[in-house]
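Chains: A, B, C and D, in written order; residue numbering restarts at 1 for each.
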Amino acid sequence: MSSHWNGTFSCFDRVVRTDSCVRTIVEIGDVRIGGPEFVVMAGPCSVENERQIMETAEAVQKGGAHMLRGGAYKPRSSPYAFQGLGLDALKLLKKARERTGLAIVTEVMSELDVDVVAEYADMMQIGARSMENYSLLEAVGRCGRPVLLKRGLTSKIEELLRSAQVVVESGNPDVVLCERGIRTFETATRNTFDVAAVAVLNAVTHLPVIVDPSHAAGIRELISPLSRAAVAVGADGLLVEVHPCPEKALSDGNQSLTPYQFKAMMRELSPYIELRQKSLQPELVAVAGDD
Amino acid sequence: MSSHWNGTFSCFDRVVRTDSCVRTIVEIGDVRIGGPEFVVMAGPCSVENERQIMETAEAVQKGGAHMLRGGAYKPRSSPYAFQGLGLDALKLLKKARERTGLAIVTEVMSELDVDVVAEYADMMQIGARSMENYSLLEAVGRCGRPVLLKRGLTSKIEELLRSAQVVVESGNPDVVLCERGIRTFETATRNTFDVAAVAVLNAVTHLPVIVDPSHAAGIRELISPLSRAAVAVGADGLLVEVHPCPEKALSDGNQSLTPYQFKAMMRELSPYIELRQKSLQPELVAVAGDD
Amino acid sequence: MSSHWNGTFSCFDRVVRTDSCVRTIVEIGDVRIGGPEFVVMAGPCSVENERQIMETAEAVQKGGAHMLRGGAYKPRSSPYAFQGLGLDALKLLKKARERTGLAIVTEVMSELDVDVVAEYADMMQIGARSMENYSLLEAVGRCGRPVLLKRGLTSKIEELLRSAQVVVESGNPDVVLCERGIRTFETATRNTFDVAAVAVLNAVTHLPVIVDPSHAAGIRELISPLSRAAVAVGADGLLVEVHPCPEKALSDGNQSLTPYQFKAMMRELSPYIELRQKSLQPELVAVAGDD
Amino acid sequence: MSSHWNGTFSCFDRVVRTDSCVRTIVEIGDVRIGGPEFVVMAGPCSVENERQIMETAEAVQKGGAHMLRGGAYKPRSSPYAFQGLGLDALKLLKKARERTGLAIVTEVMSELDVDVVAEYADMMQIGARSMENYSLLEAVGRCGRPVLLKRGLTSKIEELLRSAQVVVESGNPDVVLCERGIRTFETATRNTFDVAAVAVLNAVTHLPVIVDPSHAAGIRELISPLSRAAVAVGADGLLVEVHPCPEKALSDGNQSLTPYQFKAMMRELSPYIELRQKSLQPELVAVAGDD
């Protein structure tokens, strides 16, 4: 680790990168995050109905995704907004997994829902608004499923690591971090994608780091260039919103790709992913030898 | 309401100020927040032991406080930091109330603790980190106790009102808002006290608004001038940290006043509070007539 | 000075407060900024024509202002926006001074204009956008007129002091600082008024500090409460926009008071100003003794 | 242009991208910015002495740079900091150009220096602190040299375009924009590299856009990953700090690469640059046809 950050992060002893712990690989079924493979999780913001989630699951699988995302419980972005189908959504996600074989990542927002989400999902997502909900972090730390921990809208990198440390301390070493844009004065984009955070995290923690370009940008046209930047900077994967018909989406339509656009983006990304794998080879071979 | 904000806030129909609903007065025992009285809540960041909380309670009462604050459950500001005494702290707060008659405000961080906190506390505090924990907001919305809702570190005013609306919709009209500083680029203070937010909230919502100068400043020397500003701008009260021996405090020592400093601050504030009451008189008389 | 800021600011040796240099009083004719008097500078954003500036000058004088503000050279807030009348405006300001006796403060934006502005103005304003224009700072440092230095939109307090130091080093000890709101994520107000910055500056520098509530808020309704907060926190004065007919103003109409509103605000402020003077008395008497 | 930004930027009619004006190519001698070539400008923060600038010039040329950067006039980052060699530095830069053939880009900070800088430099840099110094922008707009316009520390994208419009309106169509990190709450990096701004600018303006990863990151270890992100997101070039002995640099040593590190970075970037060129081909061929 560069001496620059040494003092700042060293107290997070369970997550900082050390000579004896360079990289953690988080396994979700066959998918390995943090290794040579660049892992793409795609799907709708919210699970809306059976047809929508099945169509999307099949489309993203064909497009090259490794996991299916989809919200069952949604934060109330306005008093009367759609709040998710809850348990029914979890059942539909399970059905989509049976059909496509894609592992499922979905958000848990309440401690009271941890058990039921863990029953259906392969990976538990902690959303940006919950990053400092410590009792929820402790609960997912005990749930036996890998955790996708999203950075808070205005959380410093050290606060993200502190939250990761809480999950690991609670008994769960399988944490993947997610940069998803921070809140700044700039309003031309929904948030400001802090691409350097990925590089800093790669330098200071052994946990894998993925990027959510959909929330970082908030604008469909930017997802492809930001995804290229994410691959190039050294991210381990992407979390991206895809909807069969974005203009009819119940949430986040503006930032969702169509299945066709997703496929095009994946094709465009593929030479960048190849480059990334070539450059990682030496280090990862060494790491694999440590397993 | 100024036409400036009209579009922005009108969707929060349960909390916006209208001609027929100008001000809410929240009652906690004899204490009335939102009326002519300027209400001061004071006490330590955390309840540490019986002697500390009893000494502080008696000191702040003598100094002129109307309510006692004190943390039973603490957010984990670092992996190995003090996390609060939990139930034992609640029992000590109850004892302090019996001794001094001061009503108790304390934070609840987990849905699972709502019932036990509601049993002991007179007012439920939702901390800045929990402002968007919607399941917790719904739980305190059903708990039967008034709620002190702190603004998130990087929450916009409209997001604070959205969270307030969730509590009110869940059945609880007794919500007091609290401005406690926002996160900006400035590092000379811990946070940036958004004094204008108080004025905006007074213009757009009927809910009372208090100020936490301790967290806003993070520096003891600033608490007195910021409290003067809070009174002058039109806040309904203060939430301020007092500790018998700040340099030995288990948390937030740098921003805690000694009992002596608290008393001096209250004395200094008193002419400003008088001025505020004089200027409010006409409007408040009208409001009281509506009761 | 609190030990908290000691390291941060001590390098600005010409402007930091020390035991031997507690306060600077800047004199502009009869007006003394930094002493017991609370100094109000008022006037339009831009000088638009003779009638507008004369009417405003007379109105703010009657309302209780001590100095007249008015822009001759304007930053180009959009490519085709009004850019000020330049020399003609300076001549009108001079005429307004002759009529009312009010000293003039006006902005200089270019090194090439320093001489001409210094010929007409009593005080040279450096705008927020120019706070780090070091060659301009050096030029006003040599111009022989007191300087009103506005904080940059996203300048830290230490950067404001650095710029003040450049002016003082260039030979000009008569610098007044101005807090005018900083850029943050909050959009309910034009900028975020950093009221704590006034308290910090009072603690760390001997230079006077005034507040511009018009730019800090950007909304007419907020100017009065923010001005009260400014007085209460310990500011030495105000810079406030007044226009005979805000809805027809060529710039900043939304945040300008009418002469009538200005008068009402001054009346409302007066008991706060009295309080401030009472509390300052002991210290200022001591300081005056040092003169 | 996406309808998302349409309203925001369309008033900057001289710089927005339209069907009839898709891309501007700025020529500095043989170097063409905005075309298929990815242009790298490298060199020290400040010109310190003849040996330093000559060594650096030769090293960056061998490493693959197309232009030489180096500061002659420096902003005063602290009262007693190094302020640059001025005219002597300009003469040394000229000498370095004669030796290596590299075109020179250097900052002009004062209107009074525009003529002398234009005499020696091939491209005039407007620094972040000067982005809203409109009289300076107008002066470089008349100077006959291409301009490198850096985004202000807390400037919105629309404000960057507004400043670019001022330069173009003043008679100079040869403007290259530079994203160099914005000020946010995050302190793990010096600034926050707003990589999405490059993608937004590519969508909304016909002007070329380059990236300064040295200032964006402020930390040597991050320059290489951020440069990869810059290439991948679609930047037209880089501005990067290189010093023969960073630990002895008079300014910005922490963020300067050694010549060896620069060479390694350029080698690592080369496959990404190749990818970028392949993907640009069809569009650029069309554009070249318009010439």
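In the analysis below, a contact is a pair of C-beta atoms (placed from the backbone, for glycine too) under 8 Å apart; a residue touches a chain by one contact, two chains touch by 3 or more.
Being a predicted model, the structure only gives us computed values, none of them experimental.
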Chain at maximum distance from subunit A, centres defined as averaged CA atoms: C
Chain pair, B-D or A-B, that carries the greater number of C-beta contacts: A-B
Separation of mean Cα positions, subunit B and subunit A [Å, integer]: 35
Intercentroid distance (Cα basis), subunit C paired with subunit B, Å: 33
Subunit B-subunit D separation of Cα centroids, rounded to whole Å: 48
Overlap residues in subunit A, where contacts from two or more other chains coincide: 154, 183-185, 187
Chain contact graph, described as a line, ring, star, complete graph or other shape: complete
In the complex with subunit A, residue positions of subunit B that touch it: 11-14, 75-80, 109-113, 129-130, 132-136, 153-154, 162, 165-166, 169, 183
Touch list for subunit C against partner subunit B, complex: 2, 4-5, 8, 154, 156-158, 182, 184-189, 192-200, 202-203, 216-217, 219, 221-222, 225-226, 228-234, 254, 268, 271-272, 275, 279
Touching residues (chain side subunit B, partner subunit D) in the complex: 154, 183-185, 187
